[in-house]
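First chain A sits with chain B, and in the next complex the same chain sits with chain C.
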Partner chain A sequence: MRTLKRQGMLYIMMVPVVLYFVLFAYYPLARGLQASFQDYKLMGDRPYIGFDNYETVAHDPTFWNALWNTLAIGGGILVAGFLAPLIVALSLNEVWSRGFKKTAQLVLYVPHLLSWVVIGGICIFLLSPDTGLVNLLLAKGFGLAPINFMAEEGWARVVMVGSAVWKDMGYNCILFLAGIVAISPSLFEAARMDGATRWQQLRYVTLPQLLSTMKVILLLNTLGLFRIFDQIFVMRNPAIASKVDVLMMYTFQKGIMEIRIGPAAAASFFVVLFTLLLTVVVRRMTRFDEV
Partner chain B sequence: MKRKIHALLTVTTASALLLSACGGKENGANASPSAASPSDSAASPSASGGASSPAAGGKLAILAGNVGGKTPEGNTEFAKAIGSLTGLDVTLDKPASDYDQKVLTALGSGAKYDLIEVSDVAKLRAFIAQGVVTDLTDFVQGSAELSDPSVIPSGEWEQLKGADGKIYGVFSKFQGATMPIVRKDWLDKLKLQEPKTLDELYNVLKAFKDGDPDGDGKPNTYGLSTSGLYDIQGIMSAAGLKYRYVMKDGKRTIPYASDAAIPMYEWFAKLVKEGIMDPNFITNDTAKMRNLFLTDRVGMITYWDAWVGMFNNLKQQEDPKTTFVAAGMASIPASDGTILMRRGDPDFWIIPANAPHPDAAKKFLEFWHTKEGITLGSLGVEGQDYTVDNGTYTLTETGKAANMDHGVPYWYNANVKSPFPPLPGVTEAMALSKQYATLELALDTWPDAEKIVTNYALKAMSGQMAAKDAVAKMQKELKDAKLIDE
Partner chain C sequence: MGIERFERMGWKNRTFDVLNAVFLIVLMLTMIVPFLNVAALAFSSGMASMRPDIILFPKDFSVEGFATVWHSLDLKRPFANSVIVTVAGTALHVLLSSMAGYVLIQPHLPGKKIMVSFILLTMMIPQDAILIPLYLVNKDLHLINTLGSLILSGMISGFSILLMRNYFLGVPYEMSESAQIDGAGPLRIFASMYMRLAKTGLATVTLFEFVSRWNMLTAPVLFINDPAKNTLQVALKSMIVDASATSSNFLVTTNVRMAGILISIIPLLAIYPFVQRYFMKGLMLGANKE
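Up next, the complex of A and B:
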C-alpha cells in the first residue's frame, strides 16, 4: 500500500494509456473472441455454437494455403528484412564521409514513409512488362523477353518479399546504426591496440555488442509476421492470389467480402495463436531474456 | 504486499475486461456500445440537410456510395436539397472510399441508418440471410408511384426479390450493361468495319496495333485492354459463354470453366503473344484501362455503356476539335446468332431492420423516383450544379464536371425526360444493352468459385498456362470444392 501511495502519480499517469489499450485493443479482442463462438449475424440473435467456426476454418483448404503463403512470404521478409539492413548498417558504419552516410540513410529511409498504395504503384510502374524500367534494362542489357513480374506465380512471392524488405530496410538500418553508435569506442581502441583487423573488429566487437539490438529487431519482426495485409491487399491480383493470399487476407475475405463474421473471427484467433507460438519459439531460440 | 497489490490490479483489470466484453446486448441493433449514430460521429463526413431546412417530416439518415455530391461541400448542399424537397431533416454519409467495408462496419457495429445504398445482388442475399433488411413488398405494391409500371417496369422487381419472393429493395437508378467500346474514328481511319465475328475482331485489333491509328508514327498502340477478367463477356459471347453460373437441368455449371472456353482463352493468349493485347491487363484497374483508352494507347476496351457518352464528352470538353469518337458495340455473336451481354447488378436502396425512421425512408424512396428526385440525382443541386432561366436549364462548371451524374445518370421513370440531350454515343450503346443484356446468376458459392475461375482464366489468357490445362484444373478444383455439379 505504501508503494501504491508513493507511486500513485505514476499509476494515474498510466490511466490514459491503459484506457486506450482497453478500449481499442483488449475490448475489440474480447468481442472478437466472443464472435468466434457465435453464429454471428449482423442483426438479430447470435446463438453460441461452440467450436463450429474453428472447425469450419480448420477444414478449409484455403486457410491452410493462406497459412503456407504467410509462412513463405513472412519468413522471407523476416530473414531478408533482418539480414539486408544489418549488412547495410555495418557497411555504412565503415564509411568515413558523414555526408555520404547521411544521404544514404535518408535515401534508404524514405520508402518507409510511403504507404503501400504508393509502393504498389511504384512496383507496377517499375515492373510493367511493356514500359517498366526493370524489363527495359533486362531487354537492353541481356536481351531477355519481358517478364510479367506482378502477374506470374513464379515471381509473385519474390516481388512481395523484395518490396517489403526495400520498404522497411531504412527503418531497421537506423535501429542497427543506433546500436552500433552505442558501442563503447574504447572496445574498438583496445581491439586495434591488440592488432585486430577491420574484419576482426567487426566479428569480435561490433556483432557481439549488437546482439541485444538484433534480438529486439528479430522479435519485433516476428510479431508482425502473421499480420501482413496492406501490401498483399494492394499488390495482389487474381492470377497470383493462390501464391500470395495470406492469413489476414483470408480473414478479410471471409469477414468483409463474404459477411461470415464467425469464421473470420475464428481465423483471426488462429493468427493470434500462431503469433504467440512463434514469439515463444523465437524468444527461446534467441535466449531473449538473457539480454 | 507489493505482489498482492499487483495481483489485485491484474484481477481487477481482467474482470473489467471480461465484464465489458460480455456485457453487450445480443440484440444486433444495440450490439455495441461504441456504435455511434451517423450524426454522433465526429470523424464522419456527414452532411446534414437539417441545419437550414425544415424538419417537418422527421429525420432521415442515409449511407450512400454513389448518390450525393462530388465533394464534401457538394454533399452538404445535396443533403440540404433533399431536406428542402422532402421536408425531412437529412443526414447523408458518403464515404470517399471502401464503401462496402463501411456498410458492413456500420451494420455490424449497430450504427443506425434509415437507408443504405447497395450495388450487389449477392450482398442483398447475404443481408437477407443476416436479418439486416426490411421487407418492402407491401410498401412497393401499395405505393402509387413505385407500383406504376411507367415509373419502374414490373418485371424489374424480380431482381430485388429474395428467395421467399419478397421485395427487399428499391432501385436507385437504371443500371446499364458492359460492352466492347471501340474507337470509331480509328475504324474509319483504317477503313475497317465494326467486327461481327471473332476473326474480324482479331483483324481490327491487329490493325489498331500495326496500323498507327493515332498517327504519331510510333508503334505504341494496343488493340485491346481489359481490367483482369472484367469484362470479357462481349468477346466470350462468340462461344456462347455466359459469365458466372448457368443452371442446366437444375445443375450448377460455369461456362467459363467448360471445354468450350478453351479456344477463347487460346484466342486471348494469341493476342497477348502477338502484342495486340495490353500485357498489363491482369494488373490494370478500371481507371488505368480508361486512361489508356482516353490517351490513344488502346483502340478497344470493355466497359459500361454509360461511359461511351462520358468518354466522348470528356474528350470534347478537353478539345472541341477532337477527332476522338467512342462507340459501343454489340458482343460478338455465337455460331447460332445469340448475342450475350452482361447487365450490371442493380443499384438499390435497402431499409435496415434497425432503421429508426422507416417511414421517412419510404417517403424518400417515393420522392427519389419523381421528377424532382430524378433531377436531383442526375443534374444535382439547383444553383450549384445547374440553373434554370425561363424553363431553360444550364449546367454550371461544377455541374459539367459532374457529368450529370449524382448517383442517377440514367433512370427507369419513362415520364421524366432529361432537359439536356444525351451524351454522344450513349443512346446507341444503351439501345444495345436493352436489347441484349441479361443479368448474371449470383449464387452464394460464386465468391469461392470466382477465385478459381479468374486465377486459371487469367493464366490461360496471358499464356502462362495452356488453355486446355487451365480449364482442366478449373474443372477439377471446382468439382473438388463442390462448387459446380457438372
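Up next, the complex of A and C:
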C-alpha cells in the first residue's frame, strides 16, 4: 500500500513533463504532418489534398536553393568547426603554464555565451566597408581596397561559416579538451620513456585516443546542420539572401511571412527526411572508422 | 652525442612553445579586440563614434549612448521583458526538469523505460519540423503576443532531464532509503535531499538555461509581434541590424548601438564567473557520459 502511494506520487511528479512534451513536441509534430497533406487555411475547411504540398515544394527552385545553401554553409561549419577547435585544443594542451591555459579557455569561450544578435551585429559592424576594423586593417596592413563583405555574394557564405566557427570555437574546444584530459597519463609516460617527441606523442597517443570524442562531436554537429537559423536571420540582407537563406529560413518565410502553412509543413518534413538520411550516413561513416 | 640531441630538442621545443603561444594570443586578440572596440565606441560621443578612427579607446568620452538607448529608444522595456522571461522560464525549467530527473533514478518503477524513450524521442525531433505547428498551437492557446508563450517555449528539455538524472545518480541511494523508512514521501525526499545534494547539477542546468533564454531569438520572432512585448534580442536586432541598413533614424548613432550591445551582455558577464565554475564542468560531464 505504501509503495503504491509512493509510486503514485512519482507518477504525479512526471505529469507536467508528459503533458508538456505531448502538447509542445509530439502534438505539433503530428499536426505538422497532418497540415502537410492539407490545403491549410487559418479559417474554414482544410481539405486533404494528398501530396500536392510536397509537389509544390519540390517544384520550387527557392527550396532547392535553400537546401544547397544549407549544405554549403552547414557543411563548411561542420568541417571547419571541427578542425579549428581541434587544432586549438591540441595547441592549448601543449601549453605548460596553467594560468595562460585557463585565461585562453576563458577568453575563447566568451563569444559562445553571447547571442547571434550581438555576434552578428558586431560582425556586420567590423566588416563594414567604410568604418569596419577588418577593412581598416586590410587597408593599412596590406594596402587593399575595402571589401564589402556583407554585400558581395562571393563572400557571403565565407562570412557565415567563419563567424559561426569563431563563435563556437571555445565551446567545441572544451569538449575536445575534456577528451584529452580523460586520456590516461600512463600512455604519455610510456611514450616518453620510449623517447617519443611531442609531435610523436600527439600523433600516436593523443589523436588515436581522441577518436571517440571526435565521433561524438562530429555527430552532435551534424545534427545541428539543419538547425541554422538565428545566425542567418540576423546576418542576412537582400544582397546576399540567395546565397545564405537556409532551409529553416525557407520554412519560416513560407509559414509565417506568406502564411502558406501547407507547403511550409511539407518543406519541414523534407528537412526531417534529410536529417534522418544524414544521421544514418554519418553513423555509418563513424562506425566504418572503428573497424 | 646524447646531450647534443637533447639540446637540439630543447631548442626546437622552445621555438614551438613560443610559436604556439603567439598563435593562441593572436586568436585571443580576435575575441578581445572586437569587444574593446564595441566598448570604446559605446563610451564615445555620437559625433565621434561615426568616424572610423576609434579602435581601442573612446574619443570624446561620454555616456550619452547609454542614456539614449535606455530612455529615448526605450530599451528598458524589452530589457524588463527579457528579465521576466529569463527568470521565470529558468526557474520553471530547472524545477520541472529535475523533478523528472529524480523520477528516472527510482529503481523498480514500472514504466520507467517507456518514460525514458518518451523523453529521448523528443530530443530527436528537429526544430524545423515543429516550427510552424508550434506557432499554431500557441495561437490556439491564445498565447501569441504574451510573455507566457516565451516562458513555455523550451520550458522542459530532455537534455536537462538527463543531465539532472546523471547528477542525482551521484547521490547515494541508501540515504533516500533511510529517509523513506522514516516516513518521508518522494516529494519531500526530492526537495529536502536531492535538490540540496546535487547543487552542482542545479547550477549547471540553471546557467545553461539562463544563457539560452537570455539569447533566445527564434521563439520571440515567431510568437511576438507587439512591440510592447518584445524581448531584448529582438529589439536589439531591429536597432543594430535593421537600423544600420536604413539609417533613417537620426537617434541611432554608432555609440547608441554599441551601448545597446554592452547593456545586453552585462547580465551574461555577471554570471560568467559561475559559468566558469559549473558550466564547463557540466559540459565535460555531458561529453564524457555520451
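FYI, the second predicted complex is superposed on the first by the 264 of 291 C-alpha atoms of A that agree within 3 Å, B and C clash if a C-alpha of one lies under 4 Å from a C-alpha of the other, contacts with A are read in each partner's own complex, and residues count from 1 in each chain.
In the analysis below, contacts are C-beta pairs under 8 Å (C-beta built on N, C-alpha and C of every residue); 3 or more make two chains touch, one makes a residue touch a chain.
Just so it is clear, the structure is predicted and the values come from calculations on it, not from any experiment.
Participant: Looking at the overlay on chain A, is there a clash between chain B and chain C, or do the two fit?
Facilitator: clash
Participant: Can A:283 be said to touch chain B (first), chain C (second), both, or neither?
Facilitator: The answer is neither, since A:283 touches no partner chain.
Participant: Just chain B (first), just chain C (second), both, or neither: which does A:13 touch?
Facilitator: second
Participant: Touch check for A:242: first (chain B), second (chain C), both, or neither?
Facilitator: first
Participant: With the two complexes superposed on chain A, say which partner A:227 touches: chain B (first), chain C (second), both, or neither.
Facilitator: Only chain C is touched by A:227; chain B is not.
Participant: Does chain B (first) or chain C (second) touch A:213, or do both, or does neither?
Facilitator: In the superposed model, A:213 contacts chain C only, not chain B.
Participant: Who touches more of chain A, chain B or chain C?
Facilitator: Answer, by number of touched residues of chain A: C.
Participant: In the superposed arrangement, does A:157 touch chain B (first), chain C (second), both or neither?
Facilitator: Touch status of A:157: no partner.
Participant: Examine A:251 and indicate which partner it touches, taking first as chain B and second as chain C; both and neither are also allowed.
Facilitator: In the superposition, A:251 contacts chain C only.
Participant: In the superposed arrangement, does A:91 touch chain B (first), chain C (second), both or neither?
Facilitator: Touch status of A:91: second partner only.
Participant: In the superposed arrangement, does A:192 touch chain B (first), chain C (second), both or neither?
Facilitator: neither
Participant: Identify which of the listed stretches of chain C (20-28, 56-64, 200-208 or 236-244) has C-alpha atoms clashing with chain B after the superposition.
Facilitator: 236-244
Participant: Of all the chain A residues, which ones make contact with chain B and with chain C?
Facilitator: 18, 26-27, 31, 124, 130, 237, 255-256, 261
Participant: Hey, which residues of chain A end up touching chain B in the complex?
Facilitator: 1-4, 18, 22, 26-27, 30-31, 33-34, 41-46, 62, 124, 128-130, 146, 148, 150-153, 237-239, 241-242, 253, 255-259, 261
Participant: Write out the stretch or stretches of chain A touching chain C in their complex.
Facilitator: Those residues of chain A that touch chain C are 5-7, 9-11, 13-14, 16-18, 20-21, 23-29, 31-32, 35, 88, 91-92, 94-96, 100, 103-111, 113-118, 120-122, 124-126, 130-131, 133, 136, 166, 169, 171, 174-175, 178-179, 181-182, 197-198, 213, 216, 226-227, 229-230, 233-235, 237, 247-248, 251-252, 255-256, 261, 264-265, 268-269, 271-272, 275.
Participant: Going by the contact rule set out above, which residues of chain C touch chain A in the complex?
Facilitator: Against chain A, the touching part of chain C is residues 9, 13, 16-17, 20-21, 23-24, 27-28, 30-35, 37-38, 50-52, 55, 96-97, 99-100, 102-103, 106, 109-110, 115, 118-119, 122, 125-137, 152-153, 155-156, 161, 180, 185-187, 190, 211, 214-215, 217-218, 221-222, 233, 236-237, 240-241, 244-245, 254, 257, 261, 264-265, 268, 272, 275-276, 280, 283-284, 287-288, 290.
Participant: If you look only at chain B, which of its residues touch chain A in the complex?
Facilitator: 1-2, 5, 13, 16-18, 20-22, 24, 26-29, 31-32, 100-101, 104, 107-108, 123, 126-127, 130-132, 228-229, 278-280, 282-283, 352-354, 447-448, 451, 454-455, 458-459, 462, 464
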